[in-house]
Structure formats: structure tokens, C-alpha cells
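Multiple structures are listed underneath, in C-alpha cells.
There are two complexes below, and they share subunit A, which is joined by subunit B in the first and by subunit C in the second.
Here is the complex of A and B:
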């Protein structure tokens, strides 16, 4: 009996010893980065875009020697668009899979739930899609960064576009959750600031996310005094919305129509010519907006690999991998706190120009893109954007004080 | 008043599409005593098959309307023979688990076969555009949905009340052992009814394809709506499915137009009220119907 207990003790000791060394990485081991995206259900297409962008970046990085001489390996987990699932997945990635850093998050709701748990994991997270201002605002922390445009930045740009039009009566149609409501709130506040004469109508429209039939809301706006309408419906809902609006003659009315996520390539691809000409479309990254070598290389590589132009979500995820490369090399290590520290205030070159993570709130100063839908692209089968405006990321951002972030 | 006419037609088009889908769910429950979670997935399969036949194989919409539901019904026969037949004699909870698993399998298969992107199907030329009706412009395709919905309603009523097949189905629903004793091949009835329910779901999917964007989550969206219809109308009841679907259609059509602030809440308020005062649904088993 005695020998067995000693054996057990030995096993236990060995196990403990192994646990202790799990944190130490050897030069030959790959650097593991965990990706947290929606990979199933209605919004799975967003996770897939992110994976495509990341795959390109990882191939390029590994092809040119990796990071700190080590190869990069991606491990993905499905968040299912739920905060609880994402939190669990992040723990699994960090504690069981040994992820050195995390990228991801497609949904504002997931981001709001997960970001507060990051300091506990002691690993950096770069958000590549979720747009709620809160995660680089009142919920900010020193491990959470965002490389994509947030709602506040995009709505400041939207207000600048709206102020240029003749419309004074404005209303909104947006999904009935944080994104739709925050979009309208920030848009309204900024527009009122620029032009105090505008009228923000009390008749607003917030259909259920995934409502499928938007006809009642379309009719309601058409029968109202609205001259301008901000539409933050997105994804498959937006495809439904535009098609139903077409049959109602919505776009023939004398309305200034602004789609806050309208220039997303997946929506434009699905709609083709059904997306009308002459409406304001925005996206967080438009592939033809940037004239630099990195963008040229990225768009070409993406088109070659996948046959269609990159969406904003692919670009954000692609750039995030290079952000980690630069930060880890600057820190000379893959230790979570050191990499997070290196990201703070870091500037990097990305497809959408020079990107800087602002020290005060860790939000990247990136540019929202707005344009007006034009003729079909001869090769890509989607609408082109005319009168393209690339807003200065710094100028459309809230001040650090306004964000409510205290780092 | 033009707004009311438009809202009414819109309600009917939402409601009758829901009826086509929910009635299949109800028939399957009535005869097989299983709550088919995979019903929404079968609806989605109908839509995706229509997409393949129309956009990829280049067939006309009408051919897809015939072929896609038949394809889904054949799949349903396989599902029934390979999986479901083992659980008919078990508790309802087992059928919930199994059909939920089937739902997950179909959802993921759709994503693997057709990808996660958003697809659209064009309505046939004959039905594209809009017409002036009740003082407002209405999509021609919406009217088509209403007409098909009413035709199916009449057809189903005739089937259940005037044909031998319908009477056999009702007999099997009432008392399967007794039906068996009367030399009715209940195994055939069970398989046939499950395939018929799937056929109805797929017809709904093909009908929905030209007006709803296709994505791998579309089945999950419709199954929730269908359950609300079934709870309001009554589980297992044919007129209940119609009543529930029309009520939900009206809630969406008028609620979004005139009460947008509470429009999210309305279907659930309706459901709660029905459960409080008519726990079996307005026309459910045990209710006065």
C-alpha cells in the first residue's frame, strides 16, 4: 500500500511540475493566438470573413520568419454571438490551449460581457469588429484594444455627412438592441451639435433583430414627415430591408437615406443591383479607399485567394495579426502584460493607413468611410462608392474624457 | 386610411406564410405526438434547395416550387425511418432532444454545403414589381403568397374533412392502437404524416425565398415564430394554427406600423394572455373546439 501512495505522490508531483512549466514557452513552440468569432448561425459569415483575413496574415507572417522567430498558430472558438459562450471559450483558449493573445468579437453584446473578464486572464485582446463605444469607454481596461471603428466614431462621421444634406427632419430604423439605439443616440447628439436647427423626430423605429419583414416600419417612415433616415439595420436583415423597401418605392421618395453598415461587401454581394444608386453607404473599411502598398497587396492577395473583395471584418482581423507581430517584437516577449503594454500608444501601418492605439482608451484612431452608391463594379459584381469620404480617425473620435475610460 | 389597407395585406402575407409552416408542425404533433424542433430547419432546406434550383441550375421558380418540397419530403422519410421511428413510443422529451439534434445537424450541413454567406432568390418575372391595391402599392409577390396560403388552407380543409386519407390521419391522431386494430397501416401513416409536415415546411421555405434573405440561421428564426403561433392557436389544432398565424400576422403588420415601441413585446403578451386564460391554446386539445 505504501508504495502505491508514493507512486501517486510522484505522479502528483510530476503533474504539478508540468503545470508549473506550462507557462514557459520554448523558442521552437509556435505562438498561439486564440480567435473568438461567430462561426455558426445567421451571422456566421462574419466569423468566416475574419478567418479569411487572419489566414492571409498568418501565412504572410509565417512565410517571412514568424514572430520573434517563432511560427504563429491560430486556434478558433465559436462565440455563437453569446457573451457567456465567449467568456467560457476565452478561458479555454488561455488556460487549456495556452493562447498567448486573443483576437475577435463580432457582437457588441458579447464584447460588453467579455471585456471586463480580460484583466483576470492577463492576456491582450484586440477587438476587430464589435463596435459598442463602451469597451473603449466606461468598460475599458489595460488588456483590451480595438483596431476597428466604433459606433461613436462612425456616427460622428455620419453626422458630418448628414449636415451637408438639406434634410432637417431625421428619424432612424435600427435593430432593437444596443447597436441600433446607440447609433441613433450618438448620431443625434453630434448632428444637433453641428446644426442646432435639425429636428430629431420622436417617432423612431426599432424592429426586432432578425425581424425578416420590415414593411410596417418602411411604411411608417414613408408616411411621416421625415426628410432623412439613419438606418443601422445590418447583415441579412439589411438585405431583407433593402429588397422590401424597393417593392414599397421607399427609394423613390425624396429622402436622404444613410446606411451605417451599408457598404459591407457581403450585403452588396447579396443585393447586387438591388442596392439602389444614390444612397449614403458607410463601412469601417472600403477596399478601394486607400492608396498605399499594404492595401494594394492585401486586396490583391484577398481577391486571388477568395475571389471577392475583402470586407471590413477581414481587414480588421488581418491588421490585428500584424499589430500582435509588432507589439510582441517590441516587447521582445509573448507575456500577456508585456504585449498589452507594447500595444498601448503603438502606431502601425495597416491596409487603412497608419493606425494608432490611443493611450487613453486603447481605441485605434481609424477612419470611417462614407460614400454614395454608384454604378455596378464591372468585375466585383457590387455597387461602387462615389464621393468617397475618408474621415480623420482622430477628429471623429471622442476625447478620452468623453469616453469615460480611466486606465 | 391607405395605411390600414397596406398593413392588413402585409399582415395577411406574414400570417399565411406562418400558417403554412406552423400547420405542418401541428399536424406532426397531432398524429405523431412529437414536437419537431427540426421543422424550421426543413423550412430552411426548402429555401436553399430552391436557391440551388433557381440560381445555380437555372430552373424557373415554378419548377423549384414543385421539386424542392418533394426533395425535403424524401429526406424526411429517411429521417423518420433511420431515427425517429425508435422514439415514437417514448416520452415527448426524447423527441425534443432528437429533433433538436437533427436541427443542429441540418443547420451545420447547410452552412457546409452552401456557406455562411447571405443569398437571395429573385421572384419570377410574372410576380415581380408591385400593384396598386386598397389605396397603396403592394408587392405582387405578397399577393401571390396570400393566394397560395388560401389555396393550401382550402386544400388542407378538404383533405382532413372530405377524403379517406384525411380521415385515416385523424383516426391515427385520435387513437393509434384502435386505428391499427382496424387494419390501418399506422407505420405508413406515421411516415407519411412526417413527410407531409416536412413538405409543408419546405413549401413555406420556397415561398419565403424570394422575399427573405437566405442565411444559415433562417430556420431558427421561423421556428420561434411557429411556436408562438402554435401556443396561441393550440398545439395539434388545424384551425388553431390558422387563428394563431393570423393573430401573429396582425400583431407584426399593425404593431410595427402603429405601436412600434411595444412591437417586440406584443407577440409574447399575446402568448401570455392565451396561456393564462386558455392554457391549451385558443383551439387546442381540451379547449372547446
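Here is the complex of A and C:
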């Protein structure tokens, strides 16, 4: 028998009626969560995929009674990938739109600027994408959490993958900001630790983020005696990069090519067959890597709703909404400090298995995925991943002492 | 009579500005902080643009260097806030002297292009000198210490910071106003209208232009020193040529012929941006339309047009 709960209807009606009076919080008001993503420019697809993941989670949560009996409402702001814009946007979300909690951040540079201001806002932030180790390291604070893999975790895994190859001369091509530089720094340090004989070339390549022409950098690597190259270019830049690398014959050279965020489905969808076979691709979450009910349900719902498989950014954003649901219900309130406290040390079930926000640095112990690009997927229109490796999130993480975080 | 009414309006506006943290929602404390800082930036620019007639496309260099100076001092030396501002002003004055010395000898489009080139040079240095400026990410993660002068102010509190900014911008605006009203300011106006004539009167036009350029740069540096602790980041965008365009837009929007025009322009710019971006991402399109209409129909800007209208109607 199907019946519409009168109470639910009433809640929805009062929620609609009180929508105009933002700022004052009634028990029946929707819980407002602010999303801060890149919604314009060459990385805008990441923001869109995050929104898709969030919308899916919000629909599910609202459909099953909301959080603490209240509906969830999302408000988005475009960070434009700039720290100053994001900081203003966060203030707007919290003080003007009455956001109870924040999710988001695609860029490491943005995260480094914004995270130190979180204690002033007194609202929790779950980072779903930006990977700089600093925000769960030397810049950490009790309001900032991260549900996605960070650079240190992913580069430890990358170094383990690289150590298995025959390459000894390594160089990098990465975006010229925190992410590109830190990726190379952590990768180099870990690889040197595992294999002291490797040579980290001093000739590195850092094109500007959003640069349209990567050919000078591609040519430079092809002309050098590099045997392995770590590429941390991402987003629309990576799509441009791979296309230009194809025309230069970059992938025909005898190089070990490692794309640190190459298995982002945003990128794989855009590239299709243009992404070559036989290159190492990583992602913070590969949709076929996890065999559990939540993942099965999530991937199916996502495919049904949007027609393409979920990316790591969609998964992180999706899981973050459930993290807030669990934390707010554990805290019994939506008060910022109480919710932030409930997140500390919390374990939850997510599409990528059991996720725990480590008490010492608020970094989720989630696993980086690495694989080698294989044939096209018959239905999804993207490359498959062979030799898939799911690294243990805790084993590849720095220890709390190493992070430099003091909470 | 009319002056008295204008003064009364000004007094009400100032009283309103002081009361912002108590009467407006918390969010507007941030908006008004930004308006005041950018207003000072635009007013400093108007000293060379509206008064002296020099269109600089590199004014953000001084704004940005002020922001970086304060950020660097806060990170490495943790000096009191007022000292940071003095360092910012000193750094931008020095930079303005160097760029000005090479630029003011040229006129019109050549001056504009030269300032644009120097501005982008400064941007390139900030963007690439990663070990000092942290490259494209900019400097972030600094904390605000004491204010100075033995005053016990919690600068991290946005309301306190707003009042600090209001006080400093008010003092700076009064100083700028006195400069504009002085005989020096009169000569700048004369230079705008007819440089040959000023030259024939026995005055060294180039020196006057240089001094105006340095004063404008110094106040832009002060504004930059205020923006870094407000944004909590000093990033290369603050030095970019598109940032140099903002005071130009604000001055035109508010009215270049009036001392307070750039402040009105800054208020209109920031408020419109805040409101419009709530509804659409294409705020630049709306701004473009508004600016085109202003330049075609209301050359004197918002303030100039309003004052003209009021003077006409209330005769």
C-alpha cells in the first residue's frame, strides 16, 4: 500500500512557506548546505559532476525523510578557481544565505586560501576534491574535513606504481600552482625512498593552469632523456593536453606515462578513444573498483539519471552529503561546532567502502585507485582500467605526526 | 543652502556607514569593507585620471604590491597592523616612483601602454617568483596580530576590521581631498585642461605628473594593505591588468569630476556584482551594458548626474 505521509506534506508546505524568511532558523526550515565549486571556465565540468552527485544524494535523503526530519536544500556559488572569490562566496553562503554547512573546493590553491578562514565562519567544511596535503596538514583546523584522497596518499601510491616500472629518469608536467608542484614533490620523495637509484630530473614542466597550448612542454619532454613522466594536468587542460600529445606522437615514444588524475570520467568521457591505451591512470574513485551494495546502487542511479558513469568528484560530493546526514543526526543539531565535532573520527559507509575521518588531521582514509588504460567500455563510451590497484587509504597516508597538523 | 543639504546628506551617509555592523545583516559588513577599500583604490586612481588626466592601465601594480607587502610582513615578521600598512605604502611609493619616472614623460596612449606594460611586469614577477610570492596560489594562511598604538583590537572580528577600515579610509580620503583642494591639486587640474599653458607659466609639468603618480600609487598601496587581511590572501590576480581596469570602471561609474565619485562607483560596482551574481554567472555582460549606457548618456557618472539633476530641479 502506498500512502503519502501527511506529516511529510506539512513539512514540505511549511518549508515552502518559510522560504522567504532566510536567516532565522525554524525547526521546519530546510537545512541549507552551501556548495563551492568551479562552475565556469576550463574546469567547470568538475563543478557540474559534483552538483550531479550532490543532487542525487539530496533527492535520496529528502525522499527518505531528510535530515533530523528537515529537508535539505543546496545553494551553489562559483569559486572561479580563485581563493579570494571562494572566501567571499563562503562568507556570502554562511552570513547571507544562512548555510549550515559547506562542501566543495576543486582547487588546491583555493583550499589553501580558504581553509584558514573556516574557524571564523564556525561552520564545517567537507572538501570533496581539492587535494593539497596542507589543509589536512599544517593548515588544518577543527572545522575542515576532507572526504577525498589527498596528494600525499595518491603520490605514495603513484610511487609504488612507478617503482614497478623500468624507468629511472623521471620528470613531470603539471599545472603551475600548489597541486602541480606538490604532486611532483611528494612523488619524488616517495619514489626516492623506495628506490634510491631513480633520477629525478631537474628539468620540470609547469604550464599555467588553463594554458591552451601544451606543445612546448610536450616537445621538451620528448627531446629529453626522460623515461617516465608524471602528469598532474587535470580537467579541461588534460583533455587539451592528450589531444596535443596525440598529434605530437608523444604516446608512441617509449615512455612510462602516469596521469595522476587521468581516470576522471569527466576527462575520459570527453576524450573517448583519444585517450591512448597502455598508460597509467589514477583516480580518487573508480566506479568499477568497489563491490558493495552502496556502490552498486550509486553507480546505477547515476547512470540512470545522467547516462554516464560517476566520476570521483561526483562520488566525493555524494558521500559528503551522507557524511553530513550522519554527523547532524549524531549531533542532534545543525549547529556548526557540534556538527564539526561529530565528524571528527566518524566512520561511514560510502560507495568506496568504509570511510573514516581520522581524528588527528580530519583526513578521510580513502583509497587511491591506479590502473592501466584498456579497451573502450562497450556501453559507457570510455576507456576501461586494467590491472586495477586499490591502495589501502590508511597505508598510503602520512602519519598524523608527518602531516604537521595540530588539532 | 544647497551646500548645507549636501553636507547633511554626507553626514547621514557617514553615520550610516559607522552603524553598518548594527543595522545591516552580517554579510553586508563584508560588502561594505570591500566597498571602502576598493573606493580608496579608485579614489587614488582618480587623482591621476580625473584630476590630472592621465589614464593609467597599471594601477593594480601598486594595489597588489601593497597587498603582498602586508601579507609578507604578517607571515614573516608578525609586525603590528599599522606598521604593515606603512610598509605597504612605502613599497608602493617606491614602485610608483620607479614606474612613474619612466612613464610620465609620455602622453595619452603611450602613457597608458607603458603603465600597462609595467603593471604586467610586476604581475609576472609575482606569478613566477614562487619561493617568495608562492606563485599563482598567492600568499595565504597568515594571522592578524595586534593593531599597533597599544590599542586592543581583535582584527579577525569582521565588524572590528570594518571599523578599522572605515577609520583609515576616512583619514586617507580626507588627506587625498586636501591634496586635491590645495594649490597643487589646482595645478593638476590645469595640467589636465591645458598642459602647454601650465608649462608656459613656468611650471615643470613632468614633475607635477610624477608627484601625482607617486601619491596615487601610495594610496593604492594603502588600499592593497587593507585588502590582504580582508581577503586573507594576496594573489597575483590583485596585480593583473583586469584589476587595473576596476578603478577605471568605478571612477567612470561614479563620476570622475567629483572627489566622492569613485567611492559611489565602488559601491555601485560591488553591490551590483553581489546582487547580479546571485541570479546569473554573466555579471560582466550586465556590467558592460551598464557602462555603455553610462558613457553614452550619463558621462558625469552616477554622482555627477544625481547632483546635476538635483541642482536643476530644486532651483
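Everything below uses one rule, namely that the second predicted complex is superposed on the first by the 382 of 407 C-alpha atoms of A that agree within 3 Å, B and C clash if a C-alpha of one lies under 4 Å from a C-alpha of the other, contacts with A are read in each partner's own complex, and residues count from 1 in each chain.
The working rule: a contact is a pair of C-beta atoms (placed from the backbone, for glycine too) under 8 Å apart; a residue touches a chain by one contact, two chains touch by 3 or more.
All values reported here derive from a predicted model rather than from experimental measurement.
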{"item": "Touched partner set for A:112, first subunit B, second subunit C, both or neither", "value": "second"}
{"item": "First, second, both or neither for A:40, with subunit B first and subunit C second", "value": "both"}
{"item": "Subunit B versus subunit C as contact partner of A:253, first or second or both or neither", "value": "neither"}
{"item": "Subunit A residues touched - subunit C or subunit B, whichever exceeds", "value": "B"}
{"item": "Which superposed partner A:83 touches (first subunit B, second subunit C, both, neither)", "value": "second"}
{"item": "Partner chain(s) touched by A:240 [first = subunit B, second = subunit C, both, neither]", "value": "first"}
{"item": "First, second, both or neither for A:341, with subunit B first and subunit C second", "value": "neither"}
{"item": "Touching partner for A:176 - first (subunit B), second (subunit C), both, neither", "value": "both"}
{"item": "Which of subunit B and subunit C A:208 touches, first, second, both or neither", "value": "both"}
{"item": "Touched partner set for A:192, first subunit B, second subunit C, both or neither", "value": "neither"}
{"item": "Shared contact residues on subunit A - subunit B and subunit C", "value": "40, 176, 208"}
{"item": "In the complex with subunit A, residue positions of subunit B that touch it", "value": "3, 6-7, 10, 14, 107-108, 111, 115-120, 129-130, 136-137, 139, 141-142, 211-213, 215-218, 220-221, 252-257, 260, 263-264"}
{"item": "Subunit C residues touching subunit A - in the complex, by the definition given at the top", "value": "25-27, 30, 34, 130, 135-138, 140-141, 143, 156, 158, 231-233, 235, 237-238, 274, 277, 281"}
{"item": "Residues of subunit A that touch subunit B when the two form their complex", "value": "40-45, 47-48, 176, 203-208, 210-217, 219-220, 223, 235-237, 239-240, 243-244, 247-249, 266-267, 269-271, 274"}
{"item": "Of subunit A, residues touching subunit C in the complex", "value": "23, 39-40, 78, 82-84, 87-88, 91-92, 95-96, 108-109, 112-114, 116-117, 120, 139, 176-178, 181, 208-209"}
